[in-house]
Amino acid sequence: MEPIIRFENVHFTYPEGEREILCGVNLEIAEGSFVAVLGHNGSGKSTLFKHMNAILLPTSGKVWVRDMDTADEDKLLDIRRTVGMVFQNPDNQIVANVVEDDVAFAPENLGVPSEEIRQRVDAALKQVGMYDFRMHAPHLLSGGQKQRVAIAGVLAMQPRVLALDEPTAMLDPQGRREVIDTVTRLCREKGMTVVLITHHMEECIGADRLVVMSNGSVVADGSPLEVFSQVELMQREGLDVPETTRVLHELGLPKTAMDPKSCAAIVAGAIS
Amino acid sequence: MLKDITLGQFFPGDTPVHRLDPRSKILLLIVFIVALFMAHGWAGYGLMLLVTALCMAVSRISPRNIFKGLKPMLFIIVFTAALNLFYTQGTPLFPGWPITREGLERSIAMVLRIVLLIAGTFLLTYTTSPMALTDGMERLLSPLKKIGLPVHEITMMMSMALRFIPTLIEETDKIMSAQKARGADFENGNLLQRAKALLPILVPLFVSSFRRADELAVAMESRCYHGGSGRTRMKQLHFQALDLWALALGALLLAAMILLRRFGL
Amino acid sequence: MSDLRVEALTHVYSAGTPFEKTAIENISLQIPSGQFVGLLGHTGSGKSTFIQHLNALLKPTSGKVLVDGEDINQDKKTRRAVKNKVGLVFQYPEYQLFEETVFADIAFGPKNMGLGKEEIEQRVREAAHFVGVEEELFQRSPLELSGGQKRRVAIAGVIAMRPGILILDEPTAGLDPSGCRQILENICSYRKESGATVIIVSHNMDDAARLTERLIVFNRGTVAMDGTPEQVFSRPEELIKIGLSVPQATSFAMALREKGIPLRGSIYTHAQLMAALKEVGIC
């Protein structure tokens, strides 16, 4: 399938900075896929994120969103309505005092007619399960609920890609589950392309593809099973692997699964 | 203590007051304030009190919420009352007392005036979503765009400020607790020491506000915000029959107050 | 080194108004000097309200908090004095940094205690050492540091008060795995060298299992479970019922047992799981 986002040898250095943050990234995101990007702080994953909707532009190289060059200023709004962004801190991306007004913000900016905005807002809130909270004040919601409102605010643009930069870093386990379940469902049921930047390995297990970044480069890329199986590499990068994978690895057993049940079967098979 | 500040709060509802066009409500508030300052005698204040109570009843805003909003202003109210009570010349209420009849009357009138002023304003903010409020303001002020006033930007800033008041209050509370845990003392000392003691709160608050502003700007741009041009609204403002009635009642109130004043009531 | 006793502690927010909400109810427990305790519970379970009582930031609606046998809420003086004995590190403590230099920020607590200049300097050095903040950073602005460094400076600011009881509310929130590990190591080394009682609020079951000697589980404002990690994690169903999870090693051990592998003992860390597998002759 045609990739929806394409990084072509992207280098990036902040104008005043000395260190190169991205060092020649090549990456293609297939439409409809769920891609997780894992990396420690300072690995360049957030910088990569900001290249996806032209918040940052490559120092050299190109980023393509569908057939649009992110450096093309005339396409800016089209790029941004194609790639919706959700950020880490839920408080700093909600603009209105009422949930539904906040969700309406993007379509209002795009000049969508009023009746259609209403429909989009209701649909987006239903998709994230926050419709019953449409008249609530955002600051009284839980962290997970706020993040779901932020997701709805992006969905109201009807984007093709939902990109999230550590959306669960400030949430409790319950909120984390809410957010991850919501984006997984959007991908599986609505065909939304999801790019999830995170440093929680458990959030990557359900992805189609896992990309590991380190020092501005992609150091591993494959299915979560393939990537987590490279236990030494992950540990060298200071990243966690699932306990099941770690045990199979230390026992020298084949790492063909990650969930406890299948892994238990592998261990049991090795005994008999 | 900080949690008592109710500025920027909105209580959603579906009463006639909630349904009024925000532009009407803003105009009505102006009418209300003018009428309030017309009040002169007991009849005038009585009418204003009655109108306020009626509006509260119709909008189902409980007096408790109004009082909660008054709390931070308590000092000013008591101060005004005391000032008028003790420093108005006239006939003493009882022989030998510093309190005069005129002083008592004036202090009651002043307190009523402040309380009603605040209550009226709260009625507007409690029953109108900040989005609608700033939207209404933008529309009312839009003629000023012609003389180059950045009306959209001003009202946008207002609505952002309203949006972040609760967040910043919460944050101030947190920072205060954290500094108290490190032994900071906000209650003792002279004025200078107390002012200095605020630094450990204000510096982190400023730093985080800048960070928030930065992140918010990126988030807004990511949601295709590019100024006021070409923007549409989900909730379009419509004048309805209800607004006409309300404005007519407002005009009636104003007329009544003018009449009452003329007769010195 | 201080011990802590909580007697029938209840806290009601906005008492007497329609917004009245009981955050914690009738909590009694004792934490002996030097214990390493983990507080678990989902958001709203009352654990944040609870810890803010331990250094008198919140006043109990009823009940008592005793540190070293002394009621901390006797008067203004004891309420103030307890802050030197019980150090509380809030969530995201880096947001409270305000001084111009790292040194001055760490010194803020000791200065408020009214200590002399030399004493303050010694404590700052000591605290910085515990959290691995190099002295080269002392004259830098705390705002220039990286996220992990900021957090460690903020923790040092509390450690510099040499609290006999150190309480940390989710000290690793928002950090990446290596940042988490580093902070937890710092806390362990502080505990080892100072002998302080440490109470850590955490959402991470694996960390709680690995580090602490005792776990207290909050649910709906009361203590739902209280015991060693072994005791608490031997009741995984209860934990899951109140919306918490179990360590990964525990859930894998459960799956292995279901497959008929007779693992012995309570398993809640990776090392225990590997040892148990060895015992049954695998590897």
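Chains here go by letter, A, B and C, matching the order in which they are written, and residues are numbered from 1 within each.
The rule is short, and it goes like this: a contact is a pair of C-beta atoms (placed from the backbone, for glycine too) under 8 Å apart; a residue touches a chain by one contact, two chains touch by 3 or more.
Remember, predicted model here, so these are calculated numbers, not experimental data.
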Query raised in the report: Connecting every touching chain pair, does the picture come out as line, ring, star, complete or other?
Result: complete
Query - A-B against B-C, pair bridged by the larger set of C-beta contacts - result: A-B
**Report entry** CA centroid of chain A to CA centroid of chain C, Å
**Finding:** 31
Query raised in the report: Roughly how many whole angstrom separate the Cα centroids of chain B and chain C?
Result: 42
Report summary line: Listed in rising order, chain A residues that touch 2 or more other chains are none
Requested in this report: List, in ascending order, every residue of chain C touching at least 2 other chains.
Outcome: none
Report summary line: Per the touch rule above, chain A residues touching chain C in the complex are 40-42, 142-143, 169-170, 172-175, 199, 201, 238-240, 242-244, 246-247, 250-252, 260-261, 263-265, 267-268, 270-271
**Report entry** For the chain C and chain A complex, residues of the former touching the latter
**Finding:** 42-43, 146-148, 173-179, 203, 243-245, 247-249, 251-252, 254-256, 258-261, 270, 273-274, 277, 280-283
Query raised in the report: Quick one: in the complex, what on chain A touches chain B?
Result: 50, 53, 55, 77, 80-81, 84-85, 87, 89, 91-98, 100-101, 104-114, 117-118, 121, 135, 137, 139, 153-154, 157
**Report entry** Interfacial residue positions of chain B with respect to chain A in the complex
**Finding:** 8-10, 12, 129-131, 159-160, 162-163, 166-167, 170, 211-212, 215-216, 218-226, 230-236
Report summary line: So, in the complex, the side of chain B touching chain C is made of residues 64, 171, 174-175, 177-185, 199-200, 203-204, 207-208
